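Scrolling down, you'll hit the structures one after another.
What follows is a pair of complexes built around chain A, which joins chain B in one and chain C in the other.
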Partner chain A sequence: MTVLGYLANGLVFSSIIVLGSIGLSLVYSIADFANFAHGDTMTIGAYSALVTFGAVGGLGGAVLGLPYGFFLALVVGIAVAAVVAVATEKLIYEPLDVDSIGLLITSIGIAFIYRAVIQIRFGSDFTRFDVRPLRPIEALVPYGVRITLHDVAIFGSAVALVVGLHVLLQYTDLGRKMRAMADNPDLARVSGIRTKRVKLWTWVIGAGLAGAGGVFLGLFNQLAPRMGFNLLLVIFAAVILGGIGSVYGAMAGGFLIGMINQLTPFFSNVVEALPIRPNWLATVIENMITIEYANAIAFVIMVVVLLVRPNGIAGEGAT
Partner chain B sequence: MSLLDDPKAAFADLSRPEGWVLGVSVAFVLFLFVAMLTGALGPTYFLFLVGLAGMYALLSFGLNAQWGFTGLINFSVAAFFGIGAYGTALMTASGSPIAGGFSPLVGLAVALVVALALALLIGIPTLRLRADYLAIASLGLAEVVRLIVLNERWLTNGSAGLRGIPGFFDGWPVLSTFPEAMPGLRLEVIPGSPVILETAFWQASLNVLLVLAFAGAAYFVLRRAHRSPWGRVLRTIRSDEDLARALGKNTYSFKMQSFVLGSLIMALAGVFYAHLNLYVGPGDLDPITTFYAWVAVILGGSGSNRGALFGGIVIVTIREGTRFLNDVALPIDPAPLRLLLIGVVIVAVMRYRPQGVLPPQRELIWPSAVGGGGTPETPDSGVRERKGGGDDE
Partner chain C sequence: MTDRRTLLKLTGGAGLVGLSGCLSTTDDGSDGSDGSDGGDGGDSTVAYEIGMVDSQTGSLSAFGERNQRGVDLALSMVNEVGINGRDLDIVVEDSESENQGGIAAAQKLVNQDGVPFLIGAVGSGVSLAIYESVIEGTDVVQLSQNSTGLNLTEFPGLLRMSPSGRSQSLALSNLISDDGYDEVAITYVNNDYGQSLTDAFVDAYEGEVVYNTPHDQDQQSYSSVISEMNSSGADAWLFITYQAEFATMVNEVFSSGYEAQFYGADSVSGDNVLENTPEGSIEGMKIVVPSAPVEEENYQSFADTFESEYGRQPTSWAAYAYDCVINAALAIQAADEFTGAALQDTVRRVSGPEGETVTSFEAASGILADGGGPDDVDYQGVSGPIDFDENGDPIGFLQVLEVQDHAYEGIDFIEG
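For the complex of A and B:
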C-alpha cells in the first residue's frame, strides 16, 4: 500500500476514535471522572444497531452501499447508548457519595456489567452486520487507496456529527452552558445554570456519539463484546493527547492517534530505510514499530504526553 | 490482646461487620468441609481452591500496599502477576525458549528481580502523575507489557505459552518426593462414599503450604510496615500528599517504595501461580486479573489486610462458583456471569459501603497503645471514628 492508502485508512479509523474521544472528554470535564465504561457504551450502540438492523432489514434503497435500514439502526444505536448512559447516571452515579476516584472505580464495575449482559445475550464470538461487503472504489485503486463506499459513509457521518456538535457547542444555549460548566462548575451553578440538567445532556451527547462510534467500528471491523473495552485505552490516549476537557482537543487527539495507529506499517517501512547507528538499536526499534504494537505505541505516546504536557496539545501549557 | 490470651474479650471486641464476616466465613468453611467429607467436593480440588484463594489474597496484599496504604491507583496488577509467573516459568520450564531447567528457587529470585525492574520502569514515569492519570497510564503500560509477552516469541514463546513448569518443591531434599512417599489414605466418614487421599492430594497440600508461607510472610511484613513510622507517612500521603510534603517528606520516594513493595508481592503471587498451574500463557496478563485484585481490596476495605484476605476468598468463590453453577444448574456461560458478578460487587460496594466490609480499625495502631495492659478499654469516640470511618476522601 502507498502512503496515500495508509492515510485514507487512518482517516476512516480516526473518525471512529474521534467519535469515541469526544464523549469521553465531555464526560471527563463535566461529570469530572474518567469513565471506564465509555468503551462498553460503544459496544452497546453497536449491538443495538445489530438487533435493529436484523429486525427491520434493508427497507428498500441504499446510500453509499448501505441500506436505509442501516441508517435507522444507526439512529437506534445512538439512542439506546444515550438512554443506557442516562439511566446509569440517574440510578448509579448520581446517588453515589464518593469522590472522582470512587466514580472511576464504579465505572469499571458498570463497564463489566454492560459487557457481561451483552456477552450473555450474544455470546463472545465475532459477528458482522448483515450488509454485503463491498469492493474497494475502483477509481482510487491506482493511487494505492483501497477504501470502500462504507468507509466513505463512516467518514461522512462522523464529519456530519462532529460539525453538528460544533454548532451545538458554539451557537446554542445548551452548548454555552456546557462550556461554562466545563470551565467552572460552581460558577456555572451560581450563575443560575441547572447543572444537573446540563450533566444529563452531556451524558446524552457523549454516549450518543460513542454509540455512533460503536456502530461504525462494527462496520469497519466486526462486532464482539470486547470491542469497546479493547478500544477504550486508545480513546483515552486520544483524549489525553488532546487535553482532557477540551472537545476540540479530543477531536485533534483522536485524529492523530487514529492516524498513527493506521500508519504504523508505513512507519515501520520508514524505520527500516533509516540508517540508525548502533545496530542493536536499529533492531530494537524495528521490532517495536510493527503492526502488533500499533496500540502499544498509542499508550506510550499517552504516558509521554502525561509527563511532558499533561494539558495536552490544546491546553495552555503545562500545570 | 490476642485470641489466645483472652478469647472472650477478643470476641466481644469485634465490631458488627467483623462478627458478621467471621460468622459467614466459618459457615462457609464448614459447608465446604461437609461437602468434602461427603465426597461432593474432592479434597484435592478443595486444596486447589485454598491455594487459589491464597494467591488472590497475595495479589490483594500487594495492591493494598499500593492503594490501601499510599492511595496509588495501580491498574497494572496483571502485569506484575504475569511477569512474576513468566519470570519463574522461563527459568524452570522445560519448554522455555531461553533458559529452563533451573531450580524453582532461581526462578523465584529471577521473577522478583524482573518484577523490581518493571516496577521501577513503570513507577518512575507514572508515580508523579495525578491519581486518575496514574490509573490510565498504568493500565496502558500493563497492556504494553502484555503485548510484548504476546509478540516476542523468541523470549516468551508467544501465544502458545510455556509448558513443563515443575512444581515448586522439585529438587528439594525431602519435599520433592514427599507426595509419592506418603501412603494413600482412605477415609470413610459416610459409608459408601470414601474420601481417598493420594499423591495429588499431598502435592496440593504442599502447594497450600507454600502459599500459606508466602501469604503469611507478606501479611506480617505489611502489618509491621503499616504500623511503623514508614507506614504512617504512607497514610499521610494517601490522605493529603501536600501535607506530607509540607512535613518534609520526599513523597515521590515513599510512593516508589510502596509501589515496589506491592509489586514484589504481586510477583510472588505470580510465582506461586506458575508452579500451581504448571502452565503460563499471555492470557494470564489479561486486565481482568487486575480487576479481580481491585474487587478484593475495595470489598475487603482499602488499607485492611484482613479485608484483602476476605476479598481474596470472595473472588475465588465467584470464580469457581460460577463454574460450578454452570455445571449443575444454570446453562449460562461462566465467563460473562463472572464478569457480571464482579461488576455488581464493585457497584454495590461503592454504593452501600465505600469503605469496604472490614475497614482498617485497630490494626493500624500498636496493640499496646490500645490495650492498656490487658484490660480492653473502649476507645474514645474520636479515635474510633478516625480509624473506623475510613478516609475522608
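For the complex of A and C:
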C-alpha cells in the first residue's frame, strides 16, 4: 500500500474521531466537565440509526452506495443522541449540585446506564447496518488507495458537519453567545445571555455530532454496545492534544490522532528504510514502531506535543 | 452545599471501607466455605448450590450469552429428575471478561456463598487468575466451561470442558501444509489465548511464517493489520482471534479488495460472523473448531431441544457449558457429601472411561440412584466423551469447517 493509501485511510478514520472530539470539547468548554458518557452517546446514535434504518428500509434510490433511508437514519441517530443528552442534562447533571469532579464521576455512571440499556435491548453481540458492502473504488486502486464510496460518504458528511459548525460558531447569534460563554460564563450572564439556554444548545450540538460519529463508526466498522466507549480514550487524547475546550483544537487533534493511528505501518516502513546506526538502536526502534503499538505511538506524540505546548495545539499559552 | 459534600465524602469513605472488607477475606476464606458446606449437606430439602463465573458483560459477553443458554437447558434437564430429591441451583456471577472481575466473582461465590463446585470461566486468562488466587489450596472444584488456552494444561487441578488449543494449532499447521502453502501470514489477538495458540502453531508449522503480529481487541479499525498481511506476500492468512475482530478484518479485506486463502482457529467462527460479513468474502475459508460429536444421537437430540427452545442451532460453547452442569450434577449425586473434597473425587470418575456408557443425565442418575458408584457410570456428553486426563483436559474432537456458499460445512473430523 502506498503513502496515499494510508493517508486516505487516515482521513476516513479521522473524520469519525473529529466528530466525537468536537462534542466532547464543546461540552467541556461550556458545561465545564469532562463527559465520560460521550462515547456511549455515540453508541446511542448508532443504534437509533440501526433501528430507524431497519424500519424505513432503503426508500428507493441511493447516493454514494448508501440508500436514502440511511441518511434519514443518520438524522434520527443525531436527533436521538441529542434528545438523550438534553434529557440527561435536565434530569441529572443540572439538578446535581456538585463540582466538575462530581459531574465527571456521575457521567461515568451515566455511561454505564446508557450501555446497559442498549445491551438489554440489543444483546452484547455485534451487528452491522443492512447496507450492501462495497468493493474499493476501481479508479483509485492503481494509486494504492483502497477506499469505498462509503468511506467517501463518511468523509464528505463529516466535512459538511464541521463546516456547518464553523459557520454556526462564527456567524450566528447562538455561536457568538456560545463563544462568549466559553470565554467567561459570569460575564456572559451579566451581559444578558441566557446561559442555561445556550448550555442546552451546546448539549444538542455536541451530542448530535457524537451521534453522527457513532452512525459513521457503525458504517465504517460495526455496531456493538461497547463501540463508543472503546473509542473514548482515543477521543480524549485528541481533545487534549488539540487543547481541551477548544473546538478548532479538537478538530486538529482528532485529525492528527486518526492520521497517526492509520499511518503507523508507513512509519514502520520508513524506519526500516532509514540507515540508523548503531544496529541495536535500529532494532529497538523497528520493534517499537509497529502497528501493535499504533495507539501507544499516538499517545507518545500527544505527550511530546503537550511538553512543547502545555495547553494543546489550539490552547492559549501557559498562564 | 457544604453538608452535601461532607455527606458524599462520608459515603465514599464508607464504600471504600466496605470494599477493603471484601478484599481482606481472600486469605482466610477457605475455612468459611467448609463451614457452610456442612450446613447445606444436612438439610434435605434445600437445593444444592454451585457457582458459576461467566462473561455476562465485557469483550467475551457473546460467549457468555451462548453458554448461558446451555446452562439453562442443562439445569432444566437436571431439575426435571432431581438429585437425591433435591434441586440444583447455580449462582451466576459476572467476570466482566476481566481477570479482576473474575477473581471478585469467584471470591464472592467461594467465600460468601460457600459453593464447593465452581464452573468458570470463559477467557483462559480469567480461568487461570481465578484458579491461582481463589481456588488453589482449597478443595473447591473448578471446571472451566470455555477456556482453550494452552497453559491451563500446566494446572492439573483446573479442569476444563473444552479441549486445549494445542491440538487445534497442530491440526491447522497440518491443514495448511497439506493444502500446499509453504508461507503463511498470521495475526493473533494479543492475549494468552492468541499468543499460546500462535506459538504452538509456529513450532509445528513446516513452512515459513512470513508475518506474525498481534492485534489488540476492540479496536475500531484493523486496516493496518490487513494491509501488512497483504504486503507480506503470503497466500495463506491465519487468523487467531475473536468473532468481532475477525468480522471487522473481513469487511476491511473486502472493501480493500485483497484476496487470500483464509484459515482460522475456533473463535473466528460463528453465525454472527456470517451475518456481518459480505456474501462470498470468506468463501473457502477453513477453520478448525473443537467439535461436539455432531453425528452422535445425543448431540442431535440436544441440538433439537436447543433449537426448539431458542430458535437457533447450539454452538459448541453452549454444549460445553451444558456438559459442565450435567457433570457437576452427577458428581454431586455420586458423592457421599456435598463438600469440595468429596466432589474432587467424583467429578472425574462419573464421566471417566469406566462404567456403563450413558448419554443423558436421566440415565446416569438412574444408575447412581440404584446404588451405583461413580465408577459404574460413564457419562458421554453432548460435547464429547468427557474423559479428563491427568492435566484436567478432556480428549477433544476437532472438526474442520469450510465456508461454502457463506455457510459452514464440516469437511473432516480429527481426534485431538
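Heads up, the rule we're going with is that the second predicted complex is superposed on the first by the 298 of 319 C-alpha atoms of A that agree within 3 Å, B and C clash if a C-alpha of one lies under 4 Å from a C-alpha of the other, contacts with A are read in each partner's own complex, and residues count from 1 in each chain.
Please note the rule applied: contacts are C-beta pairs under 8 Å (C-beta built on N, C-alpha and C of every residue); 3 or more make two chains touch, one makes a residue touch a chain.
Computed from a prediction, not measured in an experiment: that's the story for all the values here.
Colleague: After the alignment on chain A, I want to confirm one thing: do chain B and chain C clash, or do they fit together?
Modeller: After superposition on chain A, which the two structures share, chain B runs into chain C.
Colleague: With the two complexes superposed on chain A, say which partner A:30 touches: chain B (first), chain C (second), both, or neither.
Modeller: After superposition on chain A, A:30 lies in contact with neither partner.
Colleague: Could you look at A:292 and tell me whether it touches chain B, chain C, both or neither (first, second, both, neither)?
Modeller: both
Colleague: For A:5 in the superposed arrangement: first (chain B), second (chain C), both or neither?
Modeller: In the superposed model, A:5 contacts chain C only, not chain B.
Colleague: Determine, under the contact definition given at the top, whether A:100 touches first (chain B), second (chain C), both, or neither.
Modeller: A:100: touches chain B, not chain C.
Colleague: According to the stated criteria, A:238 is in contact with first (chain B), second (chain C), both, or neither; which is it?
Modeller: Touch status of A:238: no partner.
Colleague: Quick one: is A:123 in contact with chain B, with chain C, with both, or with neither? Answer first, second, both or neither.
Modeller: Both chain B and chain C are touched by A:123.
Colleague: After the superposition on A, what does A:73 contact: first (chain B), second (chain C), both or neither?
Modeller: In the superposed model, A:73 contacts neither chain B nor chain C.
Colleague: State whether A:136 touches chain B only (first), chain C only (second), both chains, or neither.
Modeller: In the superposition, A:136 touches chain C alone.
Colleague: Of the stretches 58-66, 112-120 or 382-390, which one of chain C hits chain B?
Modeller: Between chain C and chain B, the clashing stretch is 112-120.
Colleague: Both chain B and chain C contact which residues of chain A?
Modeller: Common interface on chain A, chain B vs chain C: 97-98, 102, 119, 123-124, 290, 292, 295.
Colleague: Write out the stretch or stretches of chain C touching chain A in their complex.
Modeller: Residues in contact with chain A: 1, 4-5, 8, 57, 59, 61-62, 64-65, 190, 213-216, 218-221, 223-225, 227-228, 230-231, 243-244, 247-248, 251, 254-257, 272, 275-278, 281.
Colleague: Can you name the residues of chain A that touch chain C in the complex?
Modeller: Touch list, chain A to chain C: 1, 5-6, 9, 13, 16, 97-98, 102, 119, 123-128, 132-136, 141, 146-148, 150-151, 217, 220-222, 224, 226-227, 230-231, 261-262, 264-265, 290-292, 294-295.
Colleague: What residues on chain B touch chain A, complex-wise?
Modeller: 73, 125-126, 128-133, 135-137, 139-141, 143-144, 147-148, 150-152, 291, 294, 298, 332-333, 335-340, 342-347, 350-351, 354, 393
Colleague: Considering only the defined contacts, which chain A positions touch chain B in the complex?
Modeller: 33-34, 92, 95-102, 104-106, 108-113, 115-117, 119-120, 123-124, 225, 233, 236-237, 240, 287, 290, 292-293, 295-296, 299-300, 302-303, 306-307, 310
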